[in-house]
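Just dropping this structure here.
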Amino acid sequence: MAISYIGVGFLLIIGLLMVPVTMILGKFFRPSKFEISKLEPYECGIEVKDSPKGRISVHFYIVAVVFLIFDVETVFLFPWAVAFDKLGLFGFIEVGIFLLLLIVAYIYAYFKGALRWEE
Amino acid sequence: MIVFVVLVSVLIVFFSIMVVSLKHPISSAVSLLIAFLLLAIFYLLYGAEFVAAVQVLIYAGGIMVLYLMGVMFTDSEWIKITRQTHLQAWLALFLVLVFFGYFGHKLYHSQYPAPAVKRTEISIAKKSETEKKLPYLQRETNPRSVSVALFKDYIYPFEIASVLLTVAVVGGVFLAKKEV
Amino acid sequence: MNSQILINYIAFPLIKIAILLAAVFTVVAYIVLVERRLLGFFQSRLGPNRVGPLGLIQPVADGLKLFLKEDLIPTNANPFIFKIAPIFSFFPPFVGFAVLTFALPLIMPSGKMHQFAVADVDLGILLILSLSSLGIFGIILAGWSSGSKYPLFGSLRSASQMLAYEIPLTLSVISVIMMAGSFRLSDIVTAQQTYKFYFIIPGIVAFFVYLISVVAETNRTPFDLPEGESEIIGFHTEYSGMRFAFFFMAEYANVVLICMLTPALFLGGYDIPFLNDLELYKTHPYLVNVLGFLSYAAKSTLFAYFYIWIRATFPRYRYDQLLKVGWSVLFPISLLNLFLVALIKLFLMK
Amino acid sequence: MSNINGSDYPSFVGFTKLDKIFDYGRRNSLWPMTFGLACCAIEMICAMCSRYDMSRFGSEVMRPSPRQSDVMIIAGTITLKMAPVVKRLYDQMPYPKWVIAMGACAIKGGPWDDYAVLQGAGKIVPVDVYVSGCPPRPEALIYALLKLQEKIRDPKSAKEPQFIGPNLNEPTRGWMAKGEEIPEVVDKLIKEGHGVNTTQIF
Amino acid sequence: MQNEKPSHLKELVETREFELNMGPQHPATHGVYRAILTLDGERIQKLNSVVGYLHRGIEKWAEYRTWQQATPIFDRLDYLSAVINCHGYVGAVEKLLQVEIPKKAEYMRVICDELQRIASHLLWFGTHALDIGAMSVLFYGVREREAIIDLFEAHFGQRLLYNAYPIGGVRLDFPKGWIQACRKFLNTFNSRIDEYEALLTENRIWKQRTIGVGVISKEDAIAYGLSGPTLRGSGVYFDVRKSIPYSAYPDFDFEIPLGKNGDVYDRYLCRIREMRQSVRIINQALDGMPEGELKGKVPKIIRSPQGEVYFTVEGSKGQLGFYIVSDGKDKPFRVHIKSPSFINLQGLDVMSKNQLIADMVAIIGSIDIVLGEVDR
């Protein structure tokens, strides 16, 4: 029932508004003084020369890809777990086959080195 | 209720337009994220609780991370130059209109709420041992009904999904590793 | 009729939210103080004790100070993303509190039942899990939008870390869901009360996997890489004043949320140990409510202490070791454990 | 109301109570920046640690980033090479911000009257409290912290610094020390962006 | 535009080498040290040390003071082991003047030197552990250090920079009850080290963070001229106290702990064991303390003979050498300091090659640099 989520909805709205409202309220109380040197990026007190963007290791991306797939897998496990008593042994075998294939995928990814940082 | 549905729908459309119209790739990505979250609320309003949670878990929590990393991974300046050409835009508009017409037509002829689909009737047939013990299990909830549908009615799609995921892992890792 | 709806669906939730938020903010503020004082005792010193009696006004002073601090947006930053990033970090744990149930339902004299929860919904734990997967955006966006090197590195490490530990965490929670057969937190507790054992017993492996994963998910020692102050200064390096405070609060709100979730999942939540709650509830409902709430609080405090304790004890993992632990130790263990729990459930837990 | 940072944060005429509450928050939560220069840094560590325990006053939250810190404890000798860095770090701190100059070197160059050392932190940043000693004892640092708290509570109670210091009544970027010229060499260094002027070994 | 894409894309996807700056204000660089890391992904390809952020001209300063006036300034070299620095300079001048030091003074110097070594190692121990994330250890280390500082304060009257020894001996005898207090401290200290070791030595995370990290081979360590625990961690038997004995060290029986692999863990163990050896030395010195004069015959106004002298002591960081040239006046003509931290810093590039950024912190911590000594 959607109506039972009304409390969650209220809390969501409050949670979302909390940050902007506090920041706007604080505007009246906090000091604000524009100085160019203040807004330089921090780099241990040294002047910054180059931008950091576009210099990210590929590995972060591979980890994210692998995560996404196993995340999808866990989503399939939720309904299985929640109705386990109804599905019984049949469901167990079903999911067993499902997971077995994914374990193969995991082993592949593992030995391919996708999950290790060391190269 | 209907007010919320309309409000959320309008917001979804608005943020979807923002996704394609905003200049900066990260801003578009954030709009997409917000659109996904609103879509989850939309599902929730229709009582599809489980799908809403999955929407947040997979689309917002998984795919968007990938998107954002992809955007961060490349220089954003480069993406700005290669925007869609005019021809593609017109083509897209044409396709949008076609789809809009199709779904509008379908929507017009549909009935709400949707008629119940006949399911394998195991849930009512016999109570499991645990169900007798734990009274709350007898309550029909959305996740449990999804589960029964998924594991009883749609076994083959479910098993094929695992093959697909395996292929996805292998493919993803293979491609990513080849690049390096 | 209309006013009834208004009371039931608008007024009651709002009152509950008001109480909840007041409690949560107090607890979040004071867990910081408790941590500082406890760390002090661990380290043979006193900790903050001069601001107010026993240092009790310290969190207020800190909050006030941060509120009054100037808000800086560096020139390199993307101002819009920089401003909205704290929102993504901040709201997930707070919304998560909505589905926690703190005691057995309160029976009003009129015979109506009131849940001790803002919204004890069917989605329950799944809502918390899906929301916590959003927390990562706050970190990624903050790191990216700062336009500086340290935050970018910090945020990416944090992202990978949270991704690596989310799956073991989910899998260990799934084993609990399986035993209870419901996402709803009150149902999970009821199941433990009915079975007369806590899920920590069949799910001991899941419990430890869960414990390690949540420490990693909340970015605490020994997995506090994203804010590993001595290496890369952290994803919120460029944030000042209140915006930084929101990240800070989000971290501790997460800790509090986890501290309250863990007993519900594994230690019977508001179940009173060595008593048959459900029987007693029929005769003395209010007593069970109060005692249950206290037992829940006690269990949560235990975990809060545990959190602080390990912070005072352990060194920090290195980034690659951390990923290794997540992907190649916890993930297989939690997967195997899932099979184990399924078998237990299938054959032993009738 | 003229406060330690001059006109840097808005004050509420007629809301002196509010100001008092604000100052209460400010002075009881002075987070220092992790920033040690020389010998005095060791005594600063001692002041943070077991026996002296500055955390009692709510000041143990050492923030590595200047963005989140309130007070900069200049603990040690500022060399001319380090001066632009100190200045930049000070600039990067958000208002309201305070500076404690710890030890003889940070006060007036200490024993180093030579080519390499800046003669006092007051030449580049506005110092609020000077702690004398070479190095000062941890108690002295804690006393300085308490003095700073006193100064935040009632700016008038604080004496003008005995040593050279900035004019506290003017809005300052740290350079305008009373009757003092900016050391030419530091000025030149900063203007040319030579904070990164490096001597690379190996 | 269309055909430009592939090459453009390739350049974008490649992880380019880039530079990351650490310091001078960085919590893990132990002061104002700055390192420019050239990174390939997360691995360090090259490390450029940038020093000079604490250059105060100590050597020049000493040339403008008389022989006695110059002593206090060397405390500020390695401000964590002020006593040993003072011993180094005073020893060099004594060698130049060829003064006979009374046995008792030598014993007292050894006691203070070794206490100072323990104090220095304790602070290193705390900060090193803090860098790797174990925060409590710092507080325990400093707690014990405070006990030593109390002893020093009773004897020298200062907490950190003591101006410990005059040329020719020691200033004063130990105050009443000092020796008992010292013994009491030593007795508790041994059990305290056991406690610290229980926290870290067998800790899995600590071992994972340190073993095999920042390795420098025996040959490299010698070639780069490293000294002190950094050298001994690589398994080279070199300690000035044994190899070029000075003061009263030949009288005592102690061991030089050696490492095997030359990684961070070995250097850590070396220092921990060294503290135990220092306790041993102090106990022996307290037992065998002779009676006698405190100071040798040194004129009030020193006019040294012309010539040059080189004298080294084992500082807490390594071999600390003083090279003094005298032109026969009341001031030294040139004082050159061979400071161990500066030279040990050279090994950093070798140690950090192909390591991760996070290891950088552990490695810098393990060689225990003090910037006052590096920049002088």
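Note that the chains take the letters A, B, C, D and E in the order they are written out, and that residue 1 is the start of every chain.
In the analysis below, a residue touches a chain if its C-beta (ideal position, glycine included) is under 8 Å from a C-beta of that chain, and two chains touch if they have at least 3 such contacts.
This one's a predicted model, so the numbers in the text were calculated from it and none came from an experiment.
J.: Moving only to chains each one touches, count the minimum steps from chain D until you reach chain E.
T.: Shortest path length, in steps: 1.
J.: Give me the set of chains touching chain B intersected with the set touching chain E.
T.: A, C
J.: Measuring between mean CA coordinates, which chain is farthest from chain E?
T.: Of all chains, B has its centre farthest from that of chain E.
J.: Distance between chain A and chain D based on Cα centroids, please, to the nearest Å.
T.: That pair's centroid distance is 40 Å.
J.: Which whole number of Å gives the spacing of the CA centres of chain A and chain C?
T.: The separation of the two C-alpha centroids amounts to 16 Å.
J.: If you average the CA atoms of chain A and of chain E, how many Å lie between those two points?
T.: 45
J.: Return the residues of chain E touching two or more other chains; collapse runs of consecutive numbers into ranges.
T.: Within chain E, residues 12-13, 21, 24-27, 34, 42, 139-140, 143 contact more than one other chain.
J.: Which positions in chain B are in touch with at least two other chains?
T.: 50, 54, 57, 61-62, 65, 69, 72-75, 129-130, 137, 143, 179
J.: Can you list the residues of chain D that touch 2 or more other chains?
T.: Residues 9, 22, 34, 49-51, 64-65, 67, 85, 89, 94-96 of chain D each touch two or more of the other chains.
J.: Show which residues of chain C lie in contact with chain E when the two form their complex.
T.: The contact residues of chain C facing chain E are 39, 42-45, 149, 153, 221-222, 224-225, 228-233, 311-321.
J.: Along chain B, where are the residues that touch chain C in the complex?
T.: Spelled out, the residues of chain B in touch with chain C are 24, 26-27, 30, 33, 37, 49-50, 52-54, 56-57, 60-62, 64-65, 68-69, 72, 129-130, 133-134, 136-137, 141-143.
J.: Sort out for me which residues of chain C touch chain B in the complex.
T.: It is residues 78, 80-81, 84, 121-123, 126-127, 129-131, 133-134, 136-137, 140-141, 144-145, 152, 156, 159, 163, 166, 180-184, 187, 190-191, 194, 349-350 of chain C that touch chain B.
J.: For a test of understanding, state which residues of chain B touch chain A in their complex under the given definition.
T.: Checking each residue of chain B against chain A gives 1, 44-47, 50, 54, 57-58, 61-63, 65-66, 69-70, 72-76, 122-123, 128-131, 137, 143-144, 146-148, 150-152, 155, 158-159, 161-163, 165-166, 168-170, 172-174, 176-177, 179-180.
J.: Within the complex, which stretch of chain A touches chain E?
T.: Touch list, chain A to chain E: 43-46, 50, 54-59, 117.
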